[in-house]
Structures are given as structure tokens and as C-alpha cells.
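Residue numbering begins at 1 within each chain, and the chains themselves are lettered A, B, C, D, E and F in the order written.
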Amino acid sequence: MMDITEIEEQAALDKIKSGKRLDGRGLKEFRDIKIETGVAKKAEGSAKVTLGDSKVIVGVKFGVGHPFPDTPDEGILMVNAELGPMASPNFESGPPGKDATELSRVIDRGLRECEALPLEDLCIEEGEKVWKIMVDIHVLDHDGNLMDASALGAIKALKEAYMPGYEDEKVLRDQEQEFKIRKVPIACTVGKIDDKYIIDPDLVEEEIVDGMVTVTWTEEELCSLQKRGNGGFKKDELLKIFELAKEKTTELRKIIE
Amino acid sequence: MSENKELLKNGKRIDGRGIEDLRDMEAEVGIFKRADGSGYFRMGNTEAVAAVFGPRELHPKHRQKPKRGILQCRYNLTPFSVEDRKRPGPSRRGKEIGKVSEGALSSIVFLEEFPTATIDVYMEVISADAGTRCVALNAASIALADAGVPMKGLISACAAGKIEDTPVLDLKGEEDKDGQVDLPIAMNAETGDITLLQMDGMTDIDEMDEMLGLAVKGCKKVAEKQREALMKTFEDSK
Amino acid sequence: MMDITEIEEQAALDKIKSGKRLDGRGLKEFRDIKIETGVAKKAEGSAKVTLGDSKVIVGVKFGVGHPFPDTPDEGILMVNAELGPMASPNFESGPPGKDATELSRVIDRGLRECEALPLEDLCIEEGEKVWKIMVDIHVLDHDGNLMDASALGAIKALKEAYMPGYEDEKVLRDQEQEFKIRKVPIACTVGKIDDKYIIDPDLVEEEIVDGMVTVTWTEEELCSLQKRGNGGFKKDELLKIFELAKEKTTELRKIIE
Amino acid sequence: MSENKELLKNGKRIDGRGIEDLRDMEAEVGIFKRADGSGYFRMGNTEAVAAVFGPRELHPKHRQKPKRGILQCRYNLTPFSVEDRKRPGPSRRGKEIGKVSEGALSSIVFLEEFPTATIDVYMEVISADAGTRCVALNAASIALADAGVPMKGLISACAAGKIEDTPVLDLKGEEDKDGQVDLPIAMNAETGDITLLQMDGMTDIDEMDEMLGLAVKGCKKVAEKQREALMKTFEDSK
Amino acid sequence: MSENKELLKNGKRIDGRGIEDLRDMEAEVGIFKRADGSGYFRMGNTEAVAAVFGPRELHPKHRQKPKRGILQCRYNLTPFSVEDRKRPGPSRRGKEIGKVSEGALSSIVFLEEFPTATIDVYMEVISADAGTRCVALNAASIALADAGVPMKGLISACAAGKIEDTPVLDLKGEEDKDGQVDLPIAMNAETGDITLLQMDGMTDIDEMDEMLGLAVKGCKKVAEKQREALMKTFEDSK
Amino acid sequence: MMDITEIEEQAALDKIKSGKRLDGRGLKEFRDIKIETGVAKKAEGSAKVTLGDSKVIVGVKFGVGHPFPDTPDEGILMVNAELGPMASPNFESGPPGKDATELSRVIDRGLRECEALPLEDLCIEEGEKVWKIMVDIHVLDHDGNLMDASALGAIKALKEAYMPGYEDEKVLRDQEQEFKIRKVPIACTVGKIDDKYIIDPDLVEEEIVDGMVTVTWTEEELCSLQKRGNGGFKKDELLKIFELAKEKTTELRKIIE
């Protein structure tokens, strides 16, 4: 006997095999996206992304700290994600688990590899004091594809962020200095079901895909990849997926800018 | 608490409010899909969301109570809700507020209808400008209603306080920082039962009488806003 | 069917409704109180409070540490409470839970709000080194009303404490400097059952009260409040409770001084 | 990633390898007594051991799946496997690699044959000179075979990368540190199914094509080494 | 361990004791209400309390043993028991002492009478001036008796040591700090079975013979004190 | 009814009572010992010890850190042991439990008490910077007597270790300075079953012994003792055990040197 989840999964599967999706979308279509900024009033930058029924809020805070020993004159980027018990009946309180850790690390690499942030400009005193940019991803409601929603939220919050002043060992948050990001990395997750590829899998679809790849593109370059889930992909499939992701991230880029 | 700023001038407060004025409020019900109930509440620059799950089975089983359910609260500040980023994870302050929130909300839920079960209330503060526990409770209360949990009433919360020796309602950030007393309460606005009460600062019984009076009035206004939001959802869903 | 605990609770309830208590006390009477000092020989101050069958030991240690950035010339007060597995068959090992955290924070506020300790006098080197006063509450046996017992123990241990010397970056515990507290905050917990108020609830009574309020008074001023448990109080009830607590803390103050 | 060293000279790499050469490899099966299966793998100066326990009952029970087993991976660097001693205990990097390793290995195990069970795979890196997740997976894959777990094939892993704008196979430490792209993959060498894929660095689709091609070739050579070690054990046990 | 103080002078120690003298002792049984058994023990300025709960059901169930109960010990220093405040929470030293205490006490309890159960022994050091594990065990042993747990005898503990090349009994703080050997033992004083034995410092077999001899004598005196306290409780309860 | 473990335990017990052991060894015989060095290429010293079917790897790393306040001009020795889930079906992930903690502390005391390491020579800048020697014991396969295997591995890895250079606040691991240990502490665990003593108990034997004593000897002196397990020993038995351990560690010493 099948329980409700299984029935729903089966229905989603049948639909996709026929080239459609349960919620009426095309296979290569994102759900509705809404991005609001300035939502966290104490953050230097923030964005709330609603992707279908998934909701993610990203806040950017600046702080001052010690540089890493191997980059004494560079600022520090920290990305953290919380998948708290609010977001899903299946989540528990506690330190970030494997899912939250993967989420934050993929977003981190997307930003870091393309050098989206001008970390070299964020040194206050070489070897002693540098700016720390702390990007916190907080998942409010989990209905699938948190990766793409979080990547969008992170880059949008960073684009909106100002840099506070710093004087006499104090961070002055009422002074707003310009802070310019250099690249806009955008993630697109592509799932595979038999010979079909789908974009932006929702929670049910994440359960039924053979596998997924989260592909992060800047305008021109591929800057991070992460295969997720259990299945496998042939090399040629992957190349097609990268192309597809490029096309879709180009669409998303318009919303962000 | 010290007084180095002028917080009151000709009966007006730094943001122009009078002594008995609440900050502007916003409330929304049913904001999340996965939770059984959810709510948003804002007072001035303080805002919070809450999600309710349950009644559902309590784990581990040896914590279950045979004759009544329990209500558990988690109160959390998001890392970006405060001036200097807060490290994620439980804080001592958050644990205490979780506990007093359980005390505040348990009394209005018919827990005896859910033996062995738990109702889990998760509150997240999105931005913190004083009164966070009150705003979080206001969101939690409408989230409980949204979840369809059988309740004896609504819990409405706000703080009174004392600035420049004057009792005032609903402190905002600077007032809280430089004020003399902070007195958050939560109340069943219909019965007048005060189910959360905390106080910091030095005061006496007469002042308490006055401040409690202000806070009670404030809670009633909060209750109106909560009911309005619940009504709107109810109408929308018709 | 009722188990033993329920039978005991019912008996306690019936008794209180008739204006008496299971152990023969009046409604507004504390259990026997015994306070011993100097019980922890390595502490700069210590007190053991026996309140009926509840037993709490409080130790005060001085140390030297960095001041908080916003009070660079003030000493630091830290209050910690441990409700370890020794004190009750229901307690488990582990970091302080909600009950222990509430306990320590209520005692902390009682001391802090009335400025009982001369923290401004405890600066060694501005911005660099200040005295830390560490008050540790250790519950040995839990038979109810740990709040009042702990508050008594904390202020008594602080009254007994001396301040060590400090020279050449070393704390010299064989030098005893005077250390004077300025106020004596005392807590009184009042429970409500129907229209009755009781003082100093024991463990069984804590289970049956509609709610409790822990009220902390100095000689003249109310300095901390904490409503506990699930029930609610009308405003006028609260004012009566504050008065009652004032009367009872005045009695307790005599024992302490 | 920056390029301050000369990593390529006349088509030769710092350790004398050509562009398509793997480091020398060593593999051994059945190295432990208590584990149900175990393996050792080395590529150059990177080496790892793996132990497999199960299928066995999964605890706590509420995590059991009624229709299939699960495969859980723990990836760990021993404290002395890196330049500056690593503090024991889980790291964020280790958690992520554990997760992608689960994804890489789960697809080749017939998990549907073990409802409610778990197969636990523990990987320990003994020395780390780039490619640790690949080497650990290579050890884990032969440990699974050694445990007699029913499998659809072997997982073989290696990384391609880009140094001085040139795609190369199997980066060693200095190449990884100063290189431009790191592209670890894991593959079922018989079917060509790529079950782990991660990538750091800036590249485009043509380069990806080239690097993936190299990595696929590398995995096939790894598979030979793994099969050789399994065969040896098989013969020894006859 | 170094020797920079004069610890022995004309056969007398810094506190006036002779070589074979224990510090003064105090013992009390049945000091707590909630615990099933409890005890207090003091040797000089070192004092500890112990509480025993059980036999009671062991959780989680998969740790239960079908044919015998287990005895679990927690040894803890209160934060104010030492010179510099000790951070609350488990320490490596405390974990080790917990384990050897389990070894010391388990052998005298008829654990086979309590299949699947646990007996939990909690020891808290109130002030620490050397010999804490011995004093804690002495308190634990009378707490077990107080709990009515069926026992083969009492465990009595004390340490011998070496200061200024001389074996002595029951080191106090300064002697422990500047001494050469610390040899804590626990013993069933009736049978002479030594159930805890640890040793730090450099010694040889002849010296060990001498120190063990001293420690055994010390344990017998401890046992007298314990029996006296138990007898007193027994008489009181008549 | 007995399960397989019990049958095995009974067989081992019967055998020992008849003066033999299940694996054919004599009562006072170690299992086969194999020691390999240089096994962890990033460690400054390492050794893998195979003792029967038990396998332990020990790595030594040098680092630079603050000295302890009471020994401002001495290097620091840290010993840590991990009994991870790889080594036994009964072990779980998580911070070191009681067994791992005991293991590391006994090895630590063996090295520390006889002053095996020249910690006084490891000061870089008094009160500020000293060398830290970090000895990590990693258990790969647990078939009993991890104590003796770990003690052997630790001293062997330390004997093989070189000390890196230090210049301009950097540890230079390609410079190898001589690092000489002064003593060779070796542990021998003796188990008792009735009136029999056995050396090097394997996993099954560890379950059936009445008790064990781990005795650590340098060439001439006893430097650490640890009674383990539940049983008791008479004083005279202990003295015999120390003698026996001296004899056996003298044998082991030959393998190490």
C-alpha cells in the first residue's frame, strides 16, 4: 500500500514523464519568484526570496576581526545556513547538519570562486584587522530547491548591502560606505528523471529525481558545480545540463539586476 | 541602566509618540506552507515570525504526559537581527524566553485534549529593536490560532517601562537601552489574565500599578490588531 | 486511577483549599531555613542554604579577565546555576537546560538591577583587566523553591566573600581585601491556588499551583519580577503579591544580616 | 586560486608526470578484522582507509525507511594527516564530503534489498596531499565489495583540474593549491555514470568537456587498480 | 613534580602530621531527600558529597545488559572547589575518574541481582585539597549502603605518596603539588581487595611495597570512619 | 541459553584455566607485534602498531602555541586518542568517551611522569611561544589491549619524529631539527583470571578477566599504574604483577630500539 507521500510522488513522476508538472509548469520553468529587500532592518543588506512556497531570508552583517594568517590583507567571507525546525516538520533543532552545511558551502563557493566580493579592499590594518562579511541564510519554509533560492538571496542581499564606517575601534553602522560586488554568481539546479530534465525541483520532485546538479554561473563562466542525490549522469548529459543552466541563470540574472 | 540621552521632551518621545502610544503594528496570518500554523508580527522596527507544528507525537516517548499535551517554545534571534551579528545556536537569554513563553501560551491552549502530544511553537526574530519577546509572542499567538489549536483566547503582549522617571508604553531600542525599567507582559486580553510578567530595573508598587495599567491597555490594542489579521485570513479563505 | 504523585498532589491541594498545608505550615510561612557559610573552603565566599528539604550551595570565586567592550572600566558579574542529576531523579547530565538557565538569570537580574555589587570599583586596568565575580549555584537536593533558596545563598555568599589581592599578573588568594556589597536583594516566590496565595512552595506544591511569581526586593525597591508556570494573574492580584513578598523578604533579610 | 609557481614545464609537471598521468597507486582489501569490509587506497602521498559495517539495524528507529536501506558515510581527516594538526571532531568540510559520498556510493548498492537497515561507511584520511575525497571513496568502494554488499559496480574516483590554463589529471598538493580549477568526480567505471561531481574555480563548457574527459579516463585506470586488489584478495582466500 | 618546598622536617609534615597519619575525617550518611542514598565525606580540607539513584531502568534500552545491572559513576568538581574557578561541564580528568570509580565500586555490588538496571552514583567535590577521588569514593560507598543496595563490603579509599624521598600517607594539597609520587587506592577493607589503583611519578617495586602498605593501613582507618557514620544513621533510624 | 559471544568467552576461560589460550599463546606471551614507521606522510613522526588483530596508528605533529602560565618556559605535550566507529561495531561517533579518555590519559602520564620529552628545551620565547607536541592515537581496528599498542606506537612515533624549524612566526616543516627523547616508557597490561595472570589480553579476554593492571616501566622505574575493569587485587598480587610487567616491557623495549 502506498501512503499519501508515495501517491503524490507517483503522480509527480507520471506527470513529468508526460512532459508536464503537477503544478502546471513546464519542465524547464522556474516557479514564481519574488524578491524583497531591506526586510531585516538591523542587517547591512538583506533579501527575502519566495520561490513557489519556499521562503528564504538572507542577511548580511559586517564585522571586524583578525584576518586569516595566509591572507593578512584580505577581508573574510563567511556563509552560514540554518535549516531550523520552523522550515519543515522533519527538521530538528541543533547545529547545522549535512544538508545545511552543504547548502552554505555551495553558496560560499559560488561567491568565492568568481571573486564576487572585493575582499582585497576590505583590509583595515594588515595582519591585524579586516572586515568580515557574514552572510546568514535562514530558511523559513522549505518546499524544495533551497539552493537556487539561497544563492539568489545571498547575491541580492550583498548587492543591497552597504559597508559601515570604522573609527576608534568601533563599527559605525550609521555611516554607509559604498560596497560593490564584482560578479553575480547565480545557481540553477537541474534534476534528471529518466531522459527528462527539470528545473527548480519542488520538495516532492527532489524526492523522485534520479539525481540533481546545482550549476553556478557568472555572466560568462561556470564557477561551481555540485552533483546531489543518489543517481549518476553520463558525461554528455552533464554538458547539456551546464548549457541549460547557463540559459536559465541568464533569465534569473535579469530579476536580480 | 543610565540616562544619558533626552528621551522625553514636552511629553513626546524620540519618535514623536506620546506616553501611551504603541509603535505602529502589522500582523499577518498563514505565511508558511509547511507549518500547521504561522504568523508574522511587527511593532515598529521589531519583527518576528512564528510557526506552529502539532499537536503531534512527542519524542522521546518517556517525556510524554499521559493526561495532557505539552507546549514547547523555541525563541531565537536570527544572526542578522541585531547590531553585531549573533552567533547561531541557543543562548542563555533565548532559553529563558523560550521557557517563559511556554508559561505564557500554555494557559490558553486546551492541552488536556491532547494527551501524550506536543505542540511546538518556533519563534524567529527577524529584526530586534526592543520588545522582541512580546512581538514574538504576538506572532506565536496568531500562529496557534492559524493552526486550529483549540484555545481559550488570544495572548497579546507588550512592554511598559520607565524613562526619565516617567512610565511609558512599548519601549523602542534607544528607550530600552537608556531607560530605567523594562516590564514585558503577556495577557489574555479578554479575561485580563497576565500570563507573562518579567521586570528589570528599580521601582516601587505605585509605579508598578501605573506601568501595569499602561501595559494592560497596550495588550488590548495589540489584541485588536491580531484579531483583525485573523479575521482577514478567515474572510480570504471563505 | 491515580498514581502516588497524583494522590499526594490532590492531598496538598485539598489542604491548601482549607487554608493549611500538608507539612503543617501556614499558607504564608516559609519552611525551616538554615544558612551555613564557609562551606566551600576554596571559594572566596560560600553559603549552603537548607530550605525544608531543598539544599543549595553557592560559591563565589574571583578571577581576572577582559572587561566587556561597552563597560571597559567595570568588573564583571557572572551567575551560573547547575541542576545536576544529583538533585533529582528527573534531572540529567548535560549543559544547563531551561530551568537552570532561568534560575541563574533571575538571580543575576536581582543582583544586577539594584547594583548590589560595586562593579565600578573592580577595574584593574581600564579596557584590559577587571575583576570577574563568578557566582556558582549548585543544587544538591531539589524539594522545591530553588529560586528563593538560591537568591538567599547568593547574597549570603557574596556578603561573606573577600576579594583576593592581585600583583604581577597573579591572583593572590592569601591576601584578603574588603569587598562590600551595597544592597541585599532577596527573592520571595508566591504561588496561587484558586484564591489562595502560598509562600515558599515545595516540590509537590510547585506542580499544583496555578502560577507563581518570584518577586525580588531590596530594602525599599522592587528590582526583579518573574512570573513562572502556566497560569495567569490579574493586575490587582499581582499588586497584592508584591506587597506580600515585601513583607516576607523583610523577614528573610533579618536572617541574612 | 593564484599561480605563483611554475607548475608545468615542457608538458611535464613538478613531479615529472605528463598531463594525463595519475600518481602511482596502491590498493589493499580486507585490512581490518572487526569491520565487515575494509580497504586501503593510496594515490601518491594521499592515502585513506575505509571500513564498512552492515547492513545492520538503523538507530534511532524513527529514521528507518520501510522499503529500502540507507547508506551513511563519515569522512574524516586524522589530526596528523595535514600540515597543521587538525582538531579532532567533525568539520563543515567533512560533513559536506560525507554527504556527497553518500550520493556517490548509494547508487551502486542494491539498497532496496535491505529495508530498515543501514550500511555505514567510515573513511579516514591518513595523509592528505590533494584528492582526499577521491582516494577515500576508492578505499570505501573496495571496502563495500569486501563486505559482500550486493553492488551494481565499483565506484572509482579521481580529479581533473586546470593548472597554468591547461587541463590535467589528478592534481597533487602544490598543483591543487596554486591551480585554477579542481574537478573531483566519482564514476561507475563500467557504465560511465558519474555519481560525484564537484567543481571549484572558473571555467567554461569547452574546458569542462576536456577536463571531464580526462577525469573519466582517470577513473577507468583507478578501477583497474581496484579490481586488481579485489582479485588478489579473492585468489588469496581460495 | 618538583621539590621546592620543605615538606618534611624531623618526621613531621607541614600540617604537623606524622608519616602514617591521615588527615582528620568526617562522615555523614543520608544527607539528601530525593536521592535513594547519599553521603558526605571529608578528609582535611577535601570534601565531597555523593548521591545514589537506583537500581532503576537503564535508558537508552539498547545499553541494557540482560544478565546483570551496570553501575555508572559521574565525578565532578564544583566550579568553586578549586583555586581558579573550574568551568562547569565534563573534563577529561573527570571522565577518567568516573571510569575508574565504576571499576572500584562495581566489584562490591551484587549487580547480577539487577538485570537490565542501572545504579547511578553521582559524586560532587565541594572543596579540593588533594585526594578528591578517594574522598568522593568514600562518600559514594556510604551512599550506596544508605540506598540499601546489596553489597559485599564497603569501599574505602586513600592515597599514599612520596615526598622528599619518603613514603607518606594521605597527601594534602601542597604535598601533592610538590611531591614525587601520588598513589591513590580504593579497597574492600575487609577482604583486602584493591579495586582502584592509579599511580603517577617515578618509583620502584620496593617503594611501591612500602607505599601500598601505608595506603592499605589508611583505607582500614577510613573504613572505621565509614562504619561509624553508617552505624550512627542506623541507630538514629531505630 | 548462551549466545555466540558467551560461548567464545566460556571457551577462552576454560582454556586459560588449563594454562593455555584460544589462539595457542602461552599465558605470558604477547601476540605478534608489527611496527611500521613513516606511515603518515604529513606527520613529523608516525608509527602503526599491529598487535594481533588490533591496529593503532599514532601521529606526532609539532605546532607553536602559548605556554601554560605555570610553566612559561616549557613546551607542551598533548596526547589525544580517538576510538572512532571504524574500529568496532560498538563504537559511535562523537567526542571521546570514557574509554578513549582513559586511554589517552594513561599514555600521557606514562610519557610525562618519566619526563620522556625534553619539554624545557622547547621554549621559543618565554611566556609567549613554545612548541606544542601533539600525539594523536587513532585506533583503526580494536581486538583488545589498545593500551599497550598505543603506548608502543606513541613512543615509537616520538622516537622517529623530527622537530620542524621556526622562523618569522612560521613553522618550517621542510627543516628537520633533531629531537631526542630521554626515556622510553613502555606499558604492559596484565589480566587476572582466578589465580592465573595473562599478558596482552585480546578483546574476548578483556571481557572475562577479573581485572587488569596497566603497568608502565622505563628501563629502571615504574612510572604509571592503572587498574582497570571491575575486580580487585591483593597487595601481594600487585607486586608480582609489577615484576611480570617489568620483564615483559624489557622484551618489548628491544623491538622499539
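The criterion applied here is as follows: contacts are C-beta pairs under 8 Å (C-beta built on N, C-alpha and C of every residue); 3 or more make two chains touch, one makes a residue touch a chain.
Bear in mind the structure is a predicted one, so any value in this text is a computation, not a measurement.
Of all chains in the assembly, none touches subunit C and also subunit D.
The chain with its Cα centre farthest from the Cα centre of subunit D is C.
Placing every chain at the mean of its C-alpha atoms, the farthest one from subunit A is found to be E. Centre-to-centre separation between subunit E and subunit F, using Cα means, comes to 26 Å.
With centres set at the average Cα position, the gap from subunit C to subunit E is 31 Å.
Multi-chain contact residues of subunit F, defined as those touching 2 or more other chains: 96. Residue numbers of subunit B whose C-beta contacts span two or more other chains: none are found. Chain contact summary for the complex, subunit C toward subunit B: residues 96-99, 101-102, 104-105, 109, 113-114, 211, 213, 218, 220-235, 238-239, 242-243, 246.
Contact residues of subunit E toward subunit C in the complex are 31-35, 45, 47, 49, 51, 53, 56, 74, 76, 78-85, 88-90, 120, 122, 124, 126-129. Every residue of subunit C that touches subunit E in the complex is listed here, in rising order: 39-43, 46, 53, 55, 57, 59-61, 63, 80, 82, 84-89, 93, 95-96, 134, 136, 138, 140-143, 171, 173. On the subunit D side of its complex with subunit A, the touching residues are 92-93, 95-96, 98-100, 102-103, 106-107, 183, 187-188, 191-205, 208-209, 212-213, 216.
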